[in-house]
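Shown below is the structure under consideration.
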Amino acid sequence: MTATRTRTALALLVAAAAALAGCSSAPGGTDAPPGAAEAGGDATAAPQLTGEVVVLAAASLSEVFTGLGERFEQENPGVTVTFGFGASSALAQQVRAGAPADLLATANTSTMEQVADLTGTPEVFATNTLQIAVPAGNPGGVTGVEDFADPDLTLALCAAEVPCGSAAAEMFAAAGVVPQPDTYEKDVSATLTKVVLGEVDAAVVYRTDVIAAGDAVEGVDVPEDVDVVNDYPVAVLADAPNPEAAAAFRDLVLSVVGAEALEAAGFVVS
Amino acid sequence: MRTRPRAPAGLLVPAALAVALLVLPFVALVVRAPWGRLTTTIASEPVVEALGLSLRCATAATAICLVLGVPLAWVLARSGGWAARVVRALVTVPLVLPPVVGGVALLMLLGRVGLLGGPLERWTGVTLPFTTPAVVIAETFVALPFLVIAVEGTLRGLDGRTEAAAATFGASPWYVLRRVTLPRALPGIVSGAVLAFARALGEFGATITFAGNFPGATRTMPLAIYLTMESDPEAAIALSLVLVAVSLVILLALRGRWLTGVRA
Amino acid sequence: MTGLRARLAVRRGDFALDVALDAGPGEVVALVGANGSGKTTALHALTGLVPAAGSRVELAGRVLDGDGVHVPSAERGIGTVFQDHLLVPHLSALENAAFGLRARGVRAADARTEAARWLDRLGVGDRAGVRAARLSGGQSQRVALARALASRPRLLLLDEPFSALDAGSRAEVRALLREHLAEAGVPVLLVSHDAADLDGLADRVVRLDRGRVVARGATAAGSAPGPADAGRVGALVVAGGAGGAGGRAPRPDAGPAAGLGPVLDALAPWPTVLLAEHPGPAAPDGRRPHVRLLRGAAGGGPVAALAAGLRALGDGVDVAVVVPGDRPGAVAAVPRLLAALAEHPGARAAVALGPDGHPQPLLAAYRAAALADAAAAAPGEERSAPRADPLLRLRTVAPAVLVAAPPDAALPRRAPGS
């Protein structure tokens, strides 16, 4: 009698597990061919998009993309856009681990290349350059890249594993400066936060971050000859649950509307 | 003749699932470990540095927890009023708080422009964030409640008559505490210390927010694993195995009556 | 005065302890009484473990409680053997025995030597290194004794100190104690249920009941089963002639109340109702708070008067002793009456036999129910048949135990204020 009970319990469990597995969000598809919604296209000509679009984007894109997402939702009422922002390298790991995302936008091309086998063709939509961020009032009196060699200053950099960090490393190498940071933060947002809070005298972040932080932060420019330019690519993921909507959002990013928003945030769109 | 009634079979299934949930991830870790590179990865300088830092900081944090936590536990165990209840609830807050919140709070208090950190920097020039002491502070913050709760539970379970009897023989309250109460409470104290050490060793959110991340100074094992995961997942697995092994060694070394008997 | 003089007043919930105890140097006073009578509470009040506001305790000429002073228990210099010994479980027998000395600053080596000596004398020297948690009950008790004795106390309080020992060991330890106490000159209070302890060790016995001293005496009298074993006792004193020899009807309001005072005193602290119209000098005043005067009860005859007196005693009485008010020496029979009643749970009364061999219903202990029943049966009968024996109903209370009363004894002199 106990054996039967155990078997019944097991059977119930298997059924429950199967039901849960089947409960993933149903992709909202349309019958329209993907090519119908091209960049800058007339919204009324495109077929209705529905469902959820999951966009993984570099931390430096958080404000711009959030704005574009709201616009996209207004133009496509049936669609919800969900964002996951973080260090590009972390996002690439998530994609490799099978995260159910539709679109990936990273802060440099090498990170995108790490998951080239899992995405469609990437397209560069913007570039970003580095800038030194200091707290309002510049308490540390930081004037340039050379100050990063000063051990008496409290300095923050992005961790070398993330795009912002590797770009900064390149820049310091080009400038011949050996930086003496006190902390390597896990992504550019965390690095910027330390500046905003006044915990560090300076940090190397993107120009867009300095703009996004507003009055809390001041920017000190990096000489052009050593500045590192990051190309930001975007790609639809091969296993995207909602490829049509993903492509539509990508097209928005690449469109004139997207370019305006990016430039307003401080990105450079060629 | 069976002395205990058998557990109903229905209980065994969830119990087995619980075991699976807890054990299988480690099995997967072991299976996917890069056994070929394991020794070189573990012996590499950054890893040795991170591990050494983790162990030193966790030990320091546990020591502070003992020095501060045992007296607090004693006071709470002996007090009955509403004030004691309020204090006990406050002490438990870090237990339910996400560690990152703890880190933010510590930053607000002890950061360079923090409530206490600001004056500290102005008067002594000392700043705490991004230093090894900051790691110890963050770990103490999250581990202290574990120790206080474990020790208070033990002390409450001791009936005070032995202490009262000892006192009639001329022993001062300190003498009674030293020779009678604390030794009787020792199993609970050790248990609490082990819990605190384990919690401190694994602390991530508060550390990375308050102490930052710098190799040798503040890059503890959990931080190293998190960041390595993004660039070299296999190395991250190796590091994870190291941390699991260290934890197992600690738990095994203090097995049996130290851990099962929180009550004296 | 180098011994103990204590007047203890403790209030814990419903329980009130009001006890005067004293013991001279080297004197062993035994505290006896039923469970709940306050013996352990008295000991704890002396050690300072129980709040005892209103107590006055002097030991070796030093005030421990009183005059606004309360010396904390650690500084009283009292050595106690607790009922559950309360040794420190993780310390060895030797360390436990040495505890009192080391706690007061004696050097560890010296303390251990002295403690070891005591352990040897008490026969547990071979267990010196064993952790207290591992000792047997008897061994623990000996170690507890060693701890108390080794701590060089000014007063020894022993709460059932031999209960875990077998008879042979008990005799041995008792002898040892006797020897030591004589030379140490320290007062001792001993709580025990064992008559042999009392015979072998105690110089005096004090009996407690419901938080009060009900008897003091030399060992033999004090150790007899007494009031606490029969139940709660109340006393009815019939003033005037008692139906002593022969069946002469007593007249509760006749005669001078010359012997009344000592009788009332001897019955303290039992609640007492005095049935009399003219109590004279024995009128209740502040000096005898345990006594109430009931007048006007004589009309219905002696039995009705007793019933009225019983009602006046209230609900808290299980046994009513009836005592003639003009024979102070008769009070000596009371312990025997109560003992008899306690030994015969089926008896409803224990009645003293007079020298002529006749039962004296007015010197007896009645269970409260029996007295109430006797009074209830045909209340008007006595008046309607005046020549019938007015004590008939009392005489017929059955089943009754007849107790040979001792010849009227002189009452022990009581110290004023005790």
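Per-chain numbering from 1; labels A, B and C assigned in written order.
The working rule: a contact is a pair of C-beta atoms (placed from the backbone, for glycine too) under 8 Å apart; a residue touches a chain by one contact, two chains touch by 3 or more.
Quick caveat: nothing in here was measured; it's all calculated off a predicted structure.
Farthest chain from chain A (centres taken as the mean of C-alpha atoms): C.
A count of C-beta contacts for the chain pairs A-B and B-C puts A-B on top. Taking the mean of each chain's C-alpha atoms, the chain whose centre lies closest to the overall C-alpha mean is B.
Centre to centre, using the average C-alpha position, chain A and chain C are separated by 90 Å.
Chain A and chain B have centres, each the mean of its CA atoms, that are 35 Å apart. Measuring from the averaged C-alpha position of chain B to that of chain C gives a distance of 59 Å.
For chain A, the set of residues that touch two or more other chains is empty.
Residues 161-162, 164-172, 175, 179-180, 183-184 of chain B are the ones that touch chain C when the two sit in their complex.
Of all residues in chain C, those touching chain B in their complex are 47-49, 73-80, 82, 86-91, 99-100, 103-104, 147, 151.
Only residues 2, 5-6, 9-10, 13, 87, 89-90, 92-93, 154, 156, 159, 161-162, 181-186, 190, 194, 197-199 of chain A touch chain B when the two sit together in their complex. On the chain B side of its complex with chain A, the touching residues are 9-10, 12-13, 17, 107, 111-113, 127, 129-130, 208, 212-215, 217-219, 226-231, 233.
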